[in-house]
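The following blocks contain the structures, represented as structure tokens.
Next come two complexes built around chain A: one with chain B, the other with chain C.
== the complex of A and B ==
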């Protein structure tokens, strides 16, 4: 009975992976034919190239900008909405709504919020006074703020996902733990740190791994908001965008694209294992 | 607590070793990724493609030497797939064709209309349209497909000529023209030749556009300028901008962007053509595959210094790399410090007029919008837009049917209808005499500007524009340099470095393809 799933696994996961690793040490024509082997040094050359290093730096920054903030906001909203109040369902619906918003829709919304000439944010008086750069040159055009602006869009778009998972996690915490803590004299803050957070451990670990992996694979928001720019600094060219983006120097070279893609896969693998073994050890599975 | 499995420890340890070795390798050379694997003794860097190539993928065009002498070496059509134009006569039933295109919105509506008319007009061929959601998506999907899952006809943008010529996957349209004795004389020569390299006509132009000047007539009037006389030369552009800024009719004369498909790449190619300068060697890559770009010469330095000075003096405003594709237009609608002019593709004219007529932009009406030729060192324009390719190895009947359908799409009647509905430039002059285009051009002459601009192009070899295998990548590399120049960096230095990067892309392409 294992055969059908094995067939699917081999066809859609194993074969493409092996093929990508093979392709990653080839130089081919733009159609992926006439390949010549360049050896596995191509991986080292790619990893040490200035474009890949720059893209890797941007990706790490992007993950640092999106993951912690997304996590804190998601947990905060979920804890706030985890009350037995009238109308809390409305808030839960609103907070989780971004999970039903595609990256394209979210990005276009932020594009028009941030557009410096006719955009909403740029033409609100107090925002303009507080952050003049939202109007001139515009956050998506300023090399210093472009990545932050893209991260904002991404954090917003991922909030619903985090919110739903954390809400589910919160509802799995037995009430008697809170009651026992309350009887012992623990206030709201103390109970959050000593009961809620430890019991959320497995959920948070999962969310962190998924958000990190999403950050490393972000493509849609970058394509729609900045296309890897603003030029000439490639301030938002992440590794994914470097691999597949239309403005990438390797966009016509499937061999080098495969090289970079396999390197990204290895990096994500290492990162996930580190997260699991590092953070995972501190997670309380509540037995 | 569940005890940690020792297996996961081992994986973690392995992962750490892997990470460490990767980092050890990262004694960052600072070299470009394009240098990867180059200059290794074990690898033949300049050899011809190996014999292990897939047989269907190589044609004589694909293996043409990249170092061919820059003479008019005409690749004989005889070595390329033939076009069996008469095969349709022997077909048993209707031949079914698949057509991948990148047209959306009103452009797609117009293409569907033309195709429905064609399907209804005869019994031999049935064409099915498949929208690929854009040019880039079409290119990606075409490259990723095997020849058997490719369509019978495909629409590709102007910057892919060399890529398709080298791919060995298409029947050159020139073979169909020759075999059927098709009369190309009504087709504007400069439009047709844009899709020819080394004497081979690769594809048939279908939707043609070029960059034009969009300007705000009300601001021109406020600045005391003639709203019907937009600037034509670069000197006039500067003077006009100065008048607008001095009179405070607008914050800036012109909004310029550094997008690869606009101000950072395509417009530079246009300016070179207008100035009669070659953009790449080997006759812009049309006599033999180009080996390097020429824009770092005196002409390029002079041109880009002019643009940089416009920005430094506050006459032009840089709107960045225009990821949205609309930032230059929206700068004209800025309520605080707008620009009075911008340069954009003529293909945007329909959308821009629709937005303005719909009252979506406060303070600017449809009547305020003026359209003029793109200002530059001379008249004329390069052909932009896209053309139609017939895919090879689909059988004689399909090839003949595809040629039949293409002839329908470029007939004077179809081109009149198509140009009037979309704002694209008709590829033939006799389409202008037919309705609905004849009336359209009289009613709104703004739509005729791009056509007139193309007619004004010289016959100089530079006027047909560069064909480079990696033209899209070269544009992206050039655009980064243009952004640096707009930011105030040294023009000659930036152009020289950017040209070096472009040449590395061309060398890499020529080696691989």
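== the complex of A and C ==
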């Protein structure tokens, strides 16, 4: 009964992982053939290379731009829509809606919003007067703002996911706790910090881990919005885009792609261990 | 996609039911945020329904309406073809993931065999390997099998899932062993027991897993891009990318494609919202 699963997982997950570690110390020609062994120093060379370091820096920045903001917005909206107001269901539907957008759909919507020539913001008179930079040079074309613009699209696209999870988490908090705190005279703010947030711990930890790994694996939004540019600073080339982007310097060299991919794997591994041991220890599981 | 699991009993006057000015303030805030969240969706739909020469003329004002652009995206943009491809691949992956995880989860939960703990560890370990690491090698593997531009190439690496196996195993573990033993004495084999006892037990989890599999396959971006070189074999996501890169100067056509690509998932999520919340929260709760 295990055979089918085992066959697939070994062939398409474990073997490729081992093979990637092996390929990662080789250099290949443009067709991925005639690979020559270069030794495991290639990992060190890759890690210390200017290109990889730059991609890593961009990725970390991207994670810092998307994860905290996404978390705060998700929690804020979920708390806002958790009150018993008439018609709050409509708002819940609206806030959940972005979960239905794939990375391609969300990115193209934002490309159309932000594009300086044929985009929405650049062609609405008053927005254009308020923020001249939407047209010239355009937020996606200015190395200073491109990553922020991409992360706006990503925060938007992830909002539905975070909102749904936090809302479910809020509904798992026993009402007695809130009632008891209210009877003791705790106001909305106090109850948020002393009841809601601690009780949401496990949910928030999960959201942080998922959002962080999504940030580290960001590819589609980069390809569709900026192609890793604007040049010459490679200001939005994340690690994943560095590995797979068509205009990346290592595009076509399977050996170097594998090197960078294995490094990405190790980074994500270290990161999840850190998050689980650091944040995980402070999370309260209720019993 | 409202999450309709409200607290069971809501008293008419509660400490968490804002009234008067506070309710008004909260509504204004909710409306404002809802407006921001819906803004990109709104501009996309407006553009998709406008003729080409009107798109940049006040992009916030709807109309003049036309369905021609949507028709164009469907036929010349081949969105119909891409939707079919996505649908076939997503259904195949979903069905296979459900079957393979059912079998594996049952084996891990109900059978005793040597090396069970070790093998389960191997399954869990695959969860740590990000897709991006294995794709380099998987691309070569699929290529050497001659499966580029085929459904089997798009689907093969994803026919089993450690996540689903883990999820279902957790539920199977709650089945008393005595029940299985009693069934065995009555001559019921493992497959019979799986079908008549175990599967009905996990049906809700199964629904959540199926929706999760379908969505993640449907939304895949990087893999179809690596595997597809012929236009006809694109999934919706890689097809959208193609549409966007070849029609840069026709934002309304691209937005029409985006709308067409987004609609099926919106419909699926509205129909299956209960499973969605279950599926997304499955990873967040302990147990």
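Here, the second predicted complex is superposed on the first by the 273 of 287 C-alpha atoms of A that agree within 3 Å, B and C clash if a C-alpha of one lies under 4 Å from a C-alpha of the other, contacts with A are read in each partner's own complex, and residues count from 1 in each chain.
What we mean here is this: a residue touches a chain if its C-beta (ideal position, glycine included) is under 8 Å from a C-beta of that chain, and two chains touch if they have at least 3 such contacts.
Nothing here was measured: the structure is a model prediction, and the numbers come from that model.
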| item | value |
| --- | --- |
| Superposition on chain A - do chain B and chain C clash or fit | clash |
| First (chain B), second (chain C), both or neither touched by A:229 | first |
| Touched partner set for A:138, first chain B, second chain C, both or neither | first |
| Touched partner set for A:177, first chain B, second chain C, both or neither | neither |
| Contacts of A:45 with chain B and chain C, given as first, second, both or neither | first |
| Touching partner for A:197 - first (chain B), second (chain C), both, neither | neither |
| Touched chain A residues, chain B compared with chain C | C |
| Chain B versus chain C as contact partner of A:60, first or second or both or neither | neither |
| Which superposed partner A:269 touches (first chain B, second chain C, both, neither) | both |
| Which of chain B and chain C A:118 touches, first, second, both or neither | both |
| Which of chain B and chain C A:253 touches, first, second, both or neither | first |
| From 60-68, 132-140 or 456-464, the chain B stretch with C-alpha clashes against chain C | 132-140 |
| Chain B and chain C footprints on chain A, overlapping residues | 32, 111, 115, 118, 123, 224, 269, 285 |
| Complex interface listing, chain C residues touching chain A | 1-7, 10, 14-18, 23, 26-27, 29-30, 33-34, 37-41, 43-44, 47, 55-60, 99-101, 103-104, 106-108, 111, 119, 122-123, 125-126, 128-138, 140-141, 156-162, 165, 190, 218-219, 221-222, 226, 236-238, 240-241, 244, 248-249, 251, 254-255, 257-258, 261-262, 265-266, 269, 276-277, 280-281, 283-286 |
| For the chain A and chain B complex, residues of the former touching the latter | 25, 27-34, 36-39, 41-42, 44-53, 111, 115-118, 123, 135, 137-138, 140-141, 224-227, 229-232, 234, 246-253, 256, 259-260, 263, 266-267, 269-270, 273-274, 276-277, 280-281, 284-285, 287 |
| Chain A to chain C touching residues, read off their complex | 1-2, 4-9, 11-17, 19-20, 23, 32, 77, 80-81, 83-85, 88-106, 108-113, 115, 118-120, 123-124, 156, 159-161, 164-165, 167-169, 171-172, 175, 178-179, 182, 202-203, 206-207, 210, 213, 216-217, 219-220, 223-224, 240, 243-244, 254, 257-258, 261-262, 264-265, 268-269, 272, 285 |
| Touching residues on chain B, where the partner in the complex is chain A | 1-2, 4, 8-9, 11-12, 15-16, 18-19, 22, 25-37, 40, 42-44, 47, 49-50, 53-54, 57-58, 62, 136, 143, 163, 166-167, 169, 258, 260, 264, 319-321, 323-324, 327, 330-331, 333-336, 338, 361, 469-470, 472-473, 476-477, 479-484, 487, 501, 505, 508-509, 511-513 |
